[in-house]
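One structure is given here, and the rest of the page talks about it.
Order of writing sets the chain letters: A, B and C. Residues in each chain are counted from 1.
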Amino acid sequence: MAREIPYIAAVNEAIAQEMARDDTVVFYGQDVAPSDEDPLVKSFGRDRVRVSPISETAEIGMAVGLALAGYRPIVELLMAEFMLVAMNQVTNEAPRLRYMSGGQVKVPLVLKAGYGFTAGWAGQHTGSIYTMFAGVPGLKVVLPSTPADAKGLMAAAVRDDNPVVYLMHYLLVLEHGDVPEGEHVVPIGEAAIRRPGNDVTIVATGWTVGKALQAAEALAAEGVDAEVIDPRSLQPLDMPAILSSVEKTGHLVLADQATRHASAASIIAAEVAEHGFGYLKAPIKLVTALDATIPYSEPMEAFVLPDEHKIAGAVREVLGTASAVA
Amino acid sequence: MVERETALDLLRTMWRIRCFEERVATLHHRLQVHGLVHLSIGSEGVAAGVCRRLRDDDAVYSGHRAHGHALAKGAPMDRVMAELMGRSAGLCQGLGGSMHLVDTQHGLMGATGVVGGNLPMAAGDALAARLRGEDRVTVVFFGDGAVQAGHFNETVNLAALWELPLIFVCENNGMAEFTPRSAHTKVARVIDVVAPYDFERRLIEGSDVGAVWTAFGEYLEQARSGTGPFLLECSTHRRSGHYEGDQQSYRDALADAEWAQLDPIARLEARGKDEGWLDDEAAAGLTAHADAEVDAAVRFARDSPPLSADDAAALVYAT
Amino acid sequence: MATAELSDDRLIWMFTQMLRIRDFEERVKRTFEDHPGVIRGHTHLADGAEASIVGSLATLKDSDQLLTTYRCHGYPITLGTDTKAMMAEIYGRQDGLCGGYGGSMHLCDPGRGFLGTSGIVGQGIPHATGVGFAAQLRKQGQVVLCFFGDGASKQGAFHESLNLASLWKLPVVYIMENNGYNVATHSEQEDANAANGEPLSVKAKAYSMPGVTVDGTDPLAVYEIVSEAVARARDGHGPTLVESKVYRLSAHGNLIAPPGVPLHYPEHEAITVFGNREEYEAALRGDPVPRFRARLVEQGTLDAARADAIAQEVTEEMDAAVQFGLDSPFPEPAAATNFVYA
């Protein structure tokens, strides 16, 4: 049975269900359940639900140790940027140990963090810095954009035998959507077609998925039939789904909240350029954040970010309809 | 003090490490062991005194200077050598090399090339033992250079707060890479760095393997019963450079006589002869036996091919 | 006794700064009610820490410098930064202290020695240590104050920085404002020393550095201790760790929510998380601002009429700050790509 719940509730439901299903799942982090009255503490006990100090290196490093010793820790990191404090553990220890040990060990852990909070949080709490992680072999990176995926990808992340960076989008936490009540697992590495279409492929991640859908609706009124694809994970990246869509539409627009030169869009563009060049009837267009730190003030913040108008504009450009509409 | 059988085992272990590492140095010069190699010649007493106390299910986390810990913990010498020579029969199929030795069967859970990067991992492992109610103990080896890194303090706070069954073993050789400890901190003794946390800690001479064995044993017994953490600081002397090829322009050579005072093997042999449980012949026999094991290990390694690229690629993600 | 040298005028100045900080913070809080949507993102108030801030900054000379946490409004107010520009910054306006780029968490006024903040817990500590290194190299007797919270002392950056500062005898005073909470977590839940009932200044032992704990709700006690530490730093004897114990009188920050949800200040975590209203009310009874006023009136430094007049001036100043902020235009959107590189 599915019912409508907010994205944030879906994330929490997945954690609780996974903890109930598997007693090797432990959950800790800053401000995780400081009160003994917290429902998670009551359900699973203080051993498995812990509040930890502001020590990201130790929190993440300990998760590696727990994982080596057979547990499946979920570390609450609140903000993706807080992982930067512990970059050695995230990118240089967790994802490399299995490989360097010749496959003897595995490091199943989930680094749960929010990102993209472009709501006046200024320069240090708003980044979409996922390619810093997606570029590291051994790490997986998931970016749920719907409540159902928020639940299903968390369940998949917990069950995965690899370190998974689970990035929940702070601008989406109160978005409601249908979420299955019981077990719900979304396989990591499978893109979702959010809107089928024939004229142009729009690939969007996280918060920009909604923006792409809005753009697609506006374009539909102009007779343009856009397909919107949400990769859902960046590592692994479902390139076959993207390529087959581009083969069908011949046009590609990439929407991404990350700064252009560190965007998933730039990676997808490179892959399509190499593997799908022959499908393209026009150059690829990227609609990303500008290469700037996110400013505090609202008009400037809006200026640097992608939105539905910029996405629709890019579609018109690749289709060569820009002048007609303008 | 240490019983005769134990003393002989420690001596045998130290010779195995010494002969192995001396051969590694030779092989490195001949480009048969490649990459960055860090030797522990002169510090074998700590590896032996600690690891010979441990069970296979006790976890050891080591760092870039790990050969001694691996051998003393029970990793087969031939597979360690094969690893250093980059062969598929190596402990890690040749994918890790000298700085990343792992042997899960013998509880060598991880060795990291980033100074102190193993500290929080070991704490996590100790937390796992606590959660399962196991009586196994986690040991983390690190050098004095790691103590000035942030993750040291983060880990110490959490280990103390959660009273983890973790034994910190610091091999303080007075040198962090190429500079003396006095250039890194005002606090000469590592045990003083954890003073704010007030858990049991002790400074001993790492070249006295008997002292290591005894002091570590006391902590181990307590940690088995679920208390912790502990810090054992072992003063050691790094006979070789920071890495193989290090010109060591930063220090004066020690006189041979001084070196002998600080050499754990020489010290234990002298004691054995004093106490009558070792003579020249028996000592030479231990060395010869270790050398023969090293010969066999090198032959074993040479017979093993490197891993194929496809097999290596399959190890990037667990499936 | 350093405090014995404080003139009546100086004491009144200290009280005035405490009052200015308090009033400014109340205006920030009230903006969420009076002018919904004007403040975006996250703000953090220093109410309860005024005595600690003013007692510390009163020890400084003009050429001294400081770096702080993102709970940063009180420091520039004390240093004399224009509260109009500060409020305009918090409102995201063009006339803001940082042109609308930084907001509440990232105030900065280098001309007055306030070199800025970090929004990431503990990460300003190495910055301040580097500023101390620069001061040592410059040899002009400058001292650097480094403010951070108790939670930051569990960051590796704390450990690394204090070790180096002690080794190199840098002229830095590390002031840990311990308000007992990391957001909603009690110190005892995340700090081995706190769990043992020890003052957090014991951490200084690890660095062979003096460590001292002071009642951060008493501006004169803070002044006394920080004066000593500043003198020590200025004389080339190196850093000191000062733990200043305060109680934050507001929640950690305003509500965290996506755009569209009205923001406001919830009740303190003692109540919302732990259901401990008594703890919070006891802290309110010890509010350092009225306490200091009463003390100055009692000892005859200040009479009630003068105190009321000061309060009236402060009210007028903050009225003007709010109005200035509201009236200031927004920045040009395209200005967003300025300042990415020097």
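The definition used in the following text is that a contact is a pair of C-beta atoms (placed from the backbone, for glycine too) under 8 Å apart; a residue touches a chain by one contact, two chains touch by 3 or more.
The model shown is predicted, which means the values in this text are computed figures rather than measured ones.
> What topology does the chain touch graph have (line, ring, star, complete, other)?
It is complete, because no pair of chains fails to touch.
> Report the chain whose mean Cα position is at the greatest distance from that of chain C.
B
> Centre of all protein Cα atoms: which chain's centre is nearest to it?
A
> How big is the gap, in whole Å, between where the Cα atoms of chain B centre and where those of chain C centre?
46
> Measuring centre to centre with CA averages, how many angstrom lie between chain A and chain C?
Centre-to-centre distance between chain A and chain C: 35 Å.
> Please compute the C-alpha centroid of chain A, do the same for chain B, then give the distance between them in whole Å.
Chain A and chain B have C-alpha centres separated by 41 Å.
> Among all residues of chain A, which ones touch two or more of the remaining chains?
52-53, 55, 57-58
> Could you list which residues of chain C touch at least two other chains?
Answer for chain C, listing residues that touch two or more other chains: 154-157, 190-191.
> Scan chain B for residues touching two or more other chains and write them down.
Correct list: 150-151, 154, 157-158, 161.
> Given the complex with chain C, which residues does chain B contribute to the contact?
Interface residues on chain B, with respect to chain C: 148-154, 156-158, 160-161, 184-187, 192-198.
> Residue numbers of chain C touching chain A in their complex, please.
My answer: residues 39-42, 89, 92-94, 96, 98, 100-103, 105-106, 118-123, 151-152, 154-157, 182-186, 189-191, 257-259, 261, 273-275, 330-337, 340.
> Which chain A residues qualify as touching chain C in the complex?
30-31, 34-35, 37, 51-58, 81-82, 84-85, 119-125, 170-174, 290-293, 295-304
> Spell out the part of chain A that touches chain B in their complex, as residue ranges.
So the residues of chain A touching chain B come out as 26, 47-48, 52-53, 55, 57-71, 73, 88-89, 92-93, 97-108, 137-138, 140, 160-162.
> Could you pull out which chain B residues touch chain A in their complex?
Residue list for chain B touching chain A: 59, 61, 90-97, 100, 102-104, 109-110, 112, 114, 117, 119-131, 138, 150-151, 154-155, 157-158, 161, 307, 312, 315-319.
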